[in-house]
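One chain, chain A, links the two complexes that follow: it is found with chain B in the first and with chain C in the second.
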Partner chain A sequence: MNSGNNVQFLQGNEACALGAIAAGVRFFGGYPITPATEIAEVMARELPKIGGVFVQFEDEIASIGAVIGASVAGTKAMTATSGPGFSLKQENLGYAIHVQIPCVVVNVMRGGPSTGLPTLPSQSDVMQARWGTHGDHPIIALSPYSVRECFDLTVRAVNLSERFRIPVILLSDAIIGHVRERIVLPSREELTLVERKKPTVAPEDYKPFEDDGTDIPPMANLGEEYIFHITSNNYDDEGFPATNDHDIADRRIKSLYNKIERNRAEIDDVDLFMADDAEIIIVAYGSTARSARRAVMMARQEGIKAGLFRLKTIWPFPYDHLRTAAEPAKDVLLVEMNMSQLDSEIKSATHGLQTRIHGLHQSNGMLITPDQIYDRIKGLV
Partner chain B sequence: MNNKEYQVRLSGFGGQGIILAGIILGEAVSLYDGRFAVQFQSYGPEARGGASRAEVVISDEDIDLLELIEPDVFLALSQQAYNKYVGDANENALVIIDPDYVTEVPPSSRKVFPVPISKIAREEIGKSIVINMVALGALASVSGLVGIDALKKAVAARVPAGTEEINLKAVQAGYDNAREMV
Partner chain C sequence: MKKNNYKKYLRTHKLPHIWCSGCGHGIILGAALRAMAELELDPYRTVAVTAIGCSARTNAIMHCNTIQTTHGRALTFASGIKMARPDLTVLLFVGDGDGAAIGGNHLIHAARRNVDLTTVLLNNSIYGMTGGQYSPLTPYQKTASTSPYGNLEQDFDICKLADAAGASYVARGIAHDPRHLSKLIRGGIEHKGFSFIEGISHCPTYYGRKNKFASPYDVMRWVKERSVRVKPDSYNFSQDLNGSVPVGVLSHKNLPEFTDEYRKLVEKLQKGAES
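And then the complex of A and B:
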């Protein structure tokens, strides 16, 4: 990696780290874990050069705790891990969702459960990203399928987290994290960066969680002139516990959901490849989507009308987009490196349609190959 | 070799610089030769001395193959790596071996190029450590998948400052030596 050139041959993890820096991340709290460690390595090398801070903490829990603290103090912050570390981060992740602290958590997925297959790829944390932490909550999770997209979607993750005051999860995988490809890094002028909304009222009038009509309260930097309270309990507009007030609890939970659901147009992100006239729609994301794209091209060469519906935003799940794409198709084939975690989302999105739903799933640490997908496509014709 | 994805596997024992060679090959093709390359490597429990491998896919078009399926070119710098990784090589694969390290090569339809890679590094260049650079030069000759000029540019950009000359000399020596066999 050469930090001077804009055309480089980089790993997905390296591109992710450079994307974070380009997006304005200036604090990284980390703990090494394969296959995510290269992200911490790049951050450790690059952040000090630009006035940022890298800290390797004693564990995964402390690292996300520090990320939340850095963000409350006004710094864009990120951590990166893999399955076992992602499990450890769930409690603090829920805290950040609840008290609306922007941050990015990268999970470069490897085979599980538990420490599982440390060096091998998987997509088996998709449901954990959605529901790993307890309680009713929304989440945003993005999935890159190339080295360039590791950069782009990390920028987007930072932006969405700042815009909506919510942790955003980048669900990469061991293949995309480690593969090297040529990447043209965008210039600063080509990037759109989002900063969190700041209060405009005087410090004495600031209520940290008062809704201004957008469900995204302005956020002051803790430790500066705006003094406020944050609690993990259900809280009122002043940020103090409101643990027996049903109306406030109702308003709070609905507000957390509303800020995501009412802005789906900004958040939803799918990529359609040869899907317009497709009779067979493959649904895939991450490294599996690369194999799927290749399989679609193989099928097209044989005159089979296949297409790819690729999830760039996995959560919230783009039900409407999938329904629109699937409606004219005869078959939908879900391809994932897990035991079929998104199956129920696909069925929910296509409920009542004539389209038949199929799955190609594998959870043994091996990438699903283009040939495997092509064989299934042929079997559907 | 055109209009196809070429799958290249480099292997040897940990410490020979196999992974770096894979990265340089990918950089040579995609940054200096105007073609496409993806590179990946095994992150198994291999330690120094164990079998190590790096893989590169090369094409004139965008590549969606993120895992090697059937190597078209296979380089082995140790018997252990040969035995472990030769199995799925294409039946017409070009196989480059260092005869000092790989002594048992069962007969097959694959074309085998015994290039004295470690000997060239040791005797012609005077530094065993450049074995991976000699190997890259040999691979460029035998496969034609990367131009020698592009390869040299990638090597010069990658190696530590002050070592360019000896590394480039190693690449050229591997290239010239293997060329006599092609």
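And then the complex of A and C:
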């Protein structure tokens, strides 16, 4: 399973692990959980061969804690889990957002709540990915819809995390994680890898969180020429606690948001399929988008002008892109394996338009089939 | 060693610290700084990790790389740091609530893996930062804000736990005897493997006040009177000391260290790939 330019027959989870390695991930903190475990298994086998570190920790909290520690030490780091584990990781995820530590957290979504449907697919952690950890915060979450995209979006997740000093969540699901497809992996030369911005000032002048005008402060790694402090408290430019200073708190939280909002052109990522002249736009992502794509082709064969608006970046939500795509359409149909978690985002994006909004939702562990979507499309005509 | 040499490991511009008058934590930090000075640790290659609570306030005033993390999780972050950069010296300062309650599981498993980390658990018998609630190390029947009628729960020997889980260096010292404690911490840093040092501190503000100790020194004296010094290589954890608390190096073993084991695996796999 080299990541060279060769044809392979891989599972989404395997492609995700190989994508991480190709992107430079050299530390993986794991914990067994269905349906994400294969990612840890591939990492356990492959990382020591190339001098990387795989460790299976005592729990989900430890695995993300160690990932953050390894990243502060200068190593690209990742962990992977599913619903219950994703819940356990939330506090440390918030820590990494707060102190701006790059890392990747994969959530191969399964049915919930609680233990729920461990082996069955779902998309019901979409809102948890956005707001699971406490406090105001931005987040980036990506959603692959094929095995090849598990590879590509893992590379992109690592790159975005390094570029913006933020954890990036890869929202896969039990179908995408386990489906096997023939794929051609890109060669090393075809990949663009991003490294975190390093400080260039004299060590005595280094202020770890001083804004250089980009809202993305340069990041020193442990054990180099800079000494620094980081804290889970609100912090000043030097990284020390500032727990009673409203101005610093205001500046910090706005800066965290700005670094994402001001760079939407780099972060937003949608895939439009037959959407140019579409009267019915389907909004979908992940495995559901596979069915939606087929349903669009079925509709087109019947002369129905349907199209697909597929979210590759779910968070931040691409409101402007959806508004542009939805404006000329008569109907927008949101299809998700959950109880309509993105409904309010769709309504915000299309607020004031004549376009009618519909939903096709199912949260029983069953994939939404092309026929189900096609039937809804026909019903809208 | 030059007198006061330890001050180079202090961020003096971040003083004064925020601990209450009479708190034992500064004494224990001082003992650790003296150990660092004796070993001439390079502050650029040393990382001090803390979590949440009064114990977490040790590292912001230390001159080395310092990381304050989430409640109970210092050992998880520190493990990631050490595994990614085995060349760094990694020290931890955790509390009794932080290290024995919410972080207890991580203590067991960091000890079991025998990762080369030196953990100092500052035990002041109480959750101080939140106002004096009982911890797993608050003695039976003692009073705290959440045990106003006396603590119904049994406390336990955290050193015995660390030893049983696999820590290869276990020691206990008291703030009443900082020079001895400094030697114990130094021994922990020098030891290759997971080192656990319980530093018995004292909290006059909450533990002392709620348990009718008239002054900070009375709490210190209570700790001192309960403790008994044991000689190196002479103690075993099943020994009965008539209720006294053993102080000194309690166990010291040579066991395979995790990052060493991992490095050997990498070398073996890479050698196999070449041939």
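To be clear about the criterion, the second predicted complex is superposed on the first by the 376 of 381 C-alpha atoms of A that agree within 3 Å, B and C clash if a C-alpha of one lies under 4 Å from a C-alpha of the other, contacts with A are read in each partner's own complex, and residues count from 1 in each chain.
Quick note on the criterion: a contact is a pair of C-beta atoms (placed from the backbone, for glycine too) under 8 Å apart; a residue touches a chain by one contact, two chains touch by 3 or more.
This structure is a prediction, so every number in the text was calculated from the model and none was measured.
In the superposition on chain A, A:F27 contacts chain C only, with no contact to chain B. Contact with chain C, but none with chain B, is seen for A:E58 once the two complexes are overlaid on the shared chain. Once the two complexes are overlaid on the shared chain, A:E91 sits against chain C while remaining clear of chain B.
Once the two complexes are overlaid on the shared chain, A:Q372 sits clear of chain B and of chain C alike. Legend: residue contacts after superposition of the two complexes on their common chain; A:V67 is shown touching chain C, with no touch to chain B. In the superposition on chain A, contact of A:E225 is made with chain C only, not with chain B.
Judged by the touch definition given at the top, the superposed model places A:N258 against neither chain B nor chain C.
Counting the residues of chain A touched by each of chain B and chain C gives the higher count for C. On chain A, the surface touched by chain B in one complex and the surface touched by chain C in the other have no residue in common. Of all residues in chain A, those touching chain C in their complex are 26-27, 29, 48-49, 51, 53, 55, 57-59, 61-75, 77, 91-92, 95, 222-225, 227-233, 240-241. Residues 2, 7-9, 34-35, 119, 174-176, 178-182, 287, 290-291, 293-294, 297, 366-367, 369-371 of chain A are the ones that touch chain B when the two sit in their complex.
Here chain C touches chain A in the complex through residues 14, 43-45, 47, 49, 52, 59-60, 63-70, 73, 75-81, 83-85, 87-88, 105-106, 108-109, 262, 265-266, 269-270, 273, going by the rule given at the top. Chain B contributes residues 23, 26-27, 30-31, 36-41, 43-45, 63-67, 69, 157 to its touches with chain A in the complex.
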